[in-house]
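Structures for review follow.
Across the two complexes that follow, chain A remains constant while its partner is chain B and subsequently chain C.
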Partner chain A sequence: MKDRREGYRFLLPAAVVLLFVTVYPLFYVFWLSLHRRHLIFDISRFSGLENYAFLLQDERFLRALWNTVYFTVLSVGLELVLGMVVALSLQRAFSGRGIVRALVLLPWALPTVVSARMWEWMYNTDFGIINYLLGVDVNWLGSPFWALNAAVLMDVWKTTPFVALILMAGLQVIPRELYRSAMVDGAGSLYIFWRITLPLLKPVILVVLLFRTIDAFRVFDAIYVLTGGGPANTTETLSIYAYKVLFQTLQFGYGSTIAMVVFLCVGFISVFYVRLLSR
Partner chain B sequence: MSRTLKKALNWLVLCVVVLWSVAPFVWQIITSFKPSAELATLPPLLPASPTLDNYISVFSDRPFGRIILNSLVVASLTTVLSILVGSLAAFGLAVLKPRGGYLFLGFVLTVSMFPPISTVSPLYIIIRELGLRDTVLALIITYTTFSLPLTIWILTNFFRSIPRELYLSARVDGCTSFQIFYRIFLPVAAPGLFATAILVFIFAWNEFLFALTFTSTVRARTVPVEIALFPGVHEMPWAEIAAASVIVTVPVVLLVFLFQRRIIEGLTAGAVKR
Partner chain C sequence: MTKVELKGIRKSFDGTEVIKGVDLLIEKGEFFTFLGPSGCGKSTLLNIVAGLEEPTTGRIYFDDRDVTDLPPPQRDVAMVFQSYALYPHMSVFENIAFPLRVRKESHHVVEEEVRKVAALVGLERHLAKRPSQLSGGERQRVALGRAIVRRPRVFLMDEPLSNLDARLRITMRTELKRLHRELSITTIYVTHDQEEAMSLSDRVAVFHGGRIQQCGPAIELYRRPANLFVARFIGSPPMNVMEARLVSRMPPVVDVKGIRVELARDREFKDRMLAGIRPEDVELSSTPSPSMVEAVVDVAEPLGVYQLVEIVYNGSRLMVRTELEDIRAGQRVYFKLIPERIHLFDPQTERRL
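For the complex of A and B:
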């Protein structure tokens, strides 16, 4: 009993820090979102849900929401499929495994800003290596069609290894006997994949999807560096839009409203996956 | 499919994956050794007259040394603090098992999903009021907090795997719970602490949004912000950017190559139940 009470003392520092730096700001951001607040002119006026109502008429917001969903679905989808292919082909032990793992981890461990700069240079219209190798002359980051897809490709490059590594760890936990007995029964490899690997891997897949979806939905660094939201806001995601409203036009009320929307969406995504997981 | 064909196919996938992961980085290294005049010509792919000028000018024309120092200070202090606060909480949760511990763990996991953009505006106001704008302290406090969920989660799992007899027998010998924590559990959990520390360090080294908003000058600016805002007089200084990228990637590459096994252990600790 004494242990339990002592336990609280060990939790105290973490609890205080978390309350002050994450929970309190969250209430604060909600409070801000109910205001018209301009940081330079020192204007602050309670406006109730006006900001939220304005969201629906704000075409730029709706565009940003669509861009975010597009980016999230496409990049996470590709990462899962490619990650699965990689994990399945690398699951057996081979020599040099450690080095390969380290090389594959590299894109994931780099600062996103650095990898975005690397890709920006490769995407360069005039001197970029991608145009050179493909023998084309595409303005990847300047064209409304390509720009968002170019950002997706960078994200796929950066995070597929992470997805693959976690899936590999999940694959290693599946008992070998299951495969062996299925093989004895004459099952084909596709059948084994659908009936044994996939169902047993489901919890790991869901966890990966949860992490990746949340991460992709709040994408900021990559797009900020690659395109800054351009051309003509065609790559602007919710985080980028919120950041611009907050720190470039200094509208702390409306900016916080958009930030709240990101929070609510991420909350919704988490609840969705957690419910799937606990089923 | 025959055995050899399957094996060949595996090797092919392996080569493609490695090439795909490494190629952009190799290109960045090549670019960093090119004199500016050569950037505008392709081919040749390799620099005709390789030079170290870009590396030199990053340090001599720009305050890059100071910025790397800022980043090192922020990332290492964040790591120490996060491990300190996080391991205390994890020990409490895993060993002392207070009532409502699961609730606390659930709360911690929820916090880990908070999008940074959702808290950046109030945090900016708070930091301004406290007079902490453009200080490394503002970043250290924020990073420590946002890395705590990861630290607590991994270490709680780690402490749980340590046999409880260790705790009980030390208790019988009259140790206080704090003594048990730092004399017995911390040393035993050293590998776990280490794995967590690497992940926290990488997170703090790479973080961008908070660093971009909370800092404004060289005094506290960190590496990602400097690289994102790299100013050019007339056009983008691509070769210098490449050199700077290579420099700041070195610590990360070293960590990854030396500790890839630990990193993967840490990453998969939460995702895969064994």
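For the complex of A and C:
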């Protein structure tokens, strides 16, 4: 009993820090989300769940929610497939494998702002290399259809290396003898991939998905630098919307409500994956 | 049943030759063992037979058909790995069923065959478990079951017992022998354990430095080792090897570190030789006799039915196996080398004389 109490004493500092940097802000944001609070008009009053009710009528919010989901599903899906292809091909022994592995990681090593600026120029209608190479004249970031897909492409370029890296680590843990045994037993490489590699990689894939889904769902800097949420809010995600409401129009109440939605979504995603993982 | 023939097999990895020309004929239904220390090329050769490695030169024939260029799936061999290579995400049933699933056998056939094999290797009660829930011996049985369910042309076993503890290894050895008798499928077995090789095999090939040193029934390797390496590798504890000199030719007498031994006349001799004598071929007595040499016991290891005794005479050491029970360290003993059991080797070529 004494040991146990002593243990708690050791945990106390960490608990206090967590309380101040996570739990307190979280509850404060929730508290704010229950208020109407405009700094500009100096309004501040308790309004209950009014802000939450307003979300459902706010077309810009629904649009941002849809953009976020679209961006998350498409980019994470593509990153997983491409990352798997990269990981599988880099697993084979060939000369210069170390250098290739390092090169593959490069996009991920760049700061997001830098790569977003770089892609912005690549997408440029008049001077961009993409239009030049394709021989077309598309306004990628100005077209409501292309802009969000352009952001997805950039994110895939940037994050596939991360996915590949983790999958490679997962592949290395699978004993080679399992493949050899399956081969001797007559299995072709596709069969081996579906029946052996993929199931054994499942925990690693779930971890990758957990990280990537949460990151993609909260995406901010990549798109903010690339398009600023435009054109006509077609690339505005929840984080960008929350940022604009909070810090550009200083509606602390409603902005906090949007932030709470992001928090709840991410929370659900985490619980979902962690459940799958622990099964 | 399949006959396996290897012709002129050589294999290099990055310019280093690990197999330096192997020719072998393994008969139908034979239990054949590749025996050798680690790094002698025996596992590589097994992988070449399986098709997991390609020989640099040389051909492999199954029943006179050239299979050298066939990938592993088309050779119809089954392999048991040292690590067992069980699929951790599948049940025991699915592990054993795997080769059948690959062949897309019907549900009915899979069910029947797996149950039959499970009964054969004693796993009926464990079919629903995962490999991680099994003991080492049970995992070993799953690996065997997965190989058997194929009814392959050839069984390949790469040190299948070396991850088991000593007691279990002996049980599984008997089990393997029984299975081989029941199924009579040609089996190639790789091991570094000479006892395992001797107890299981119809014939053994001893490998060293990428070459076959000697090939034949185990008992022949024990009785007439072709060279010093085989002499030292087969038998436990290993053979004593000492320098010997020919003292007279008629009758032939050799001097083994001061002990004069008269040998049979029909043997071949050189002036200087290496004499090998197994610990079990030295006669030991605690009472003096005119034909025996005096020595002092340095170490005595009682092992139940017999004792291993290291004796010192004239500054040389000799390992002796004896059934005498009253031998203690420091004691005076008397010994004699049994002349017809002395092996002679050329000190240059290390070949048997």
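Operating definition for what follows: the second predicted complex is superposed on the first by the 257 of 279 C-alpha atoms of A that agree within 3 Å, B and C clash if a C-alpha of one lies under 4 Å from a C-alpha of the other, contacts with A are read in each partner's own complex, and residues count from 1 in each chain.
Basically, a contact is a pair of C-beta atoms (placed from the backbone, for glycine too) under 8 Å apart; a residue touches a chain by one contact, two chains touch by 3 or more.
Note that the structure is predicted; figures quoted are calculated from it, not measured.
In the model built by aligning both structures on chain A, chain B fits alongside chain C without clashing.
Using CA centres, the angle subtended at chain A by chain B and chain C is 80 degrees, rounded to a multiple of 10. When the shared chain is aligned, chain C comes close enough to touch A:Leu200, but chain B does not. When the shared chain is aligned, chain B comes close enough to touch A:Val173, but chain C does not. Look at A:Leu18: by the touch rule set out above, it reaches chain B but stays clear of chain C. By the document's definition of touching, of the two partners only chain B reaches A:Ala109; chain C does not. Of the two partner chains placed by superposition, A:Pro144 touches none, neither chain B nor chain C.
Of the two partner chains, chain B is the only one touched by A:Trp119; chain C is not.
Across the superposed structures, the minimum distance from chain B to chain C, using CA atoms, reads 10 Å. Residue ranges of chain C in contact with chain A, taken from their complex: 50-52, 71-73, 77-79, 81, 83, 85, 87-89, 98-99, 102-103, 146, 150, 156. Touching chain C in their complex are the following residues of chain A: 175, 177-178, 180-188, 191, 196, 199-200, 202.
Within the complex, the chain B residues that touch chain A are 9-10, 13-14, 17-18, 20-22, 24-25, 27-28, 31, 39-43, 45, 85-86, 88-89, 91-93, 96-99, 101, 104, 107-108, 110-111, 113-126, 141-142, 144-146, 148, 152, 177, 181, 202, 205-206, 208-209, 212-213, 223-225, 227-228, 230, 238, 241-242, 245, 248-249, 252-253, 255-257, 260-261, 263-264, 267-268, 270-274. On the chain A side of its complex with chain B, the touching residues are 3-11, 13-15, 17-18, 20-26, 28-29, 32, 85-86, 89-90, 92, 94, 98, 100-107, 109-119, 121-122, 124, 126-127, 129, 132, 157, 161-162, 164-166, 169-170, 173, 203-204, 207-208, 211, 214, 217-218, 220-221, 224-225, 238-239, 242-243, 246-247, 252, 255-256, 259-260, 262-263, 266-267, 270.
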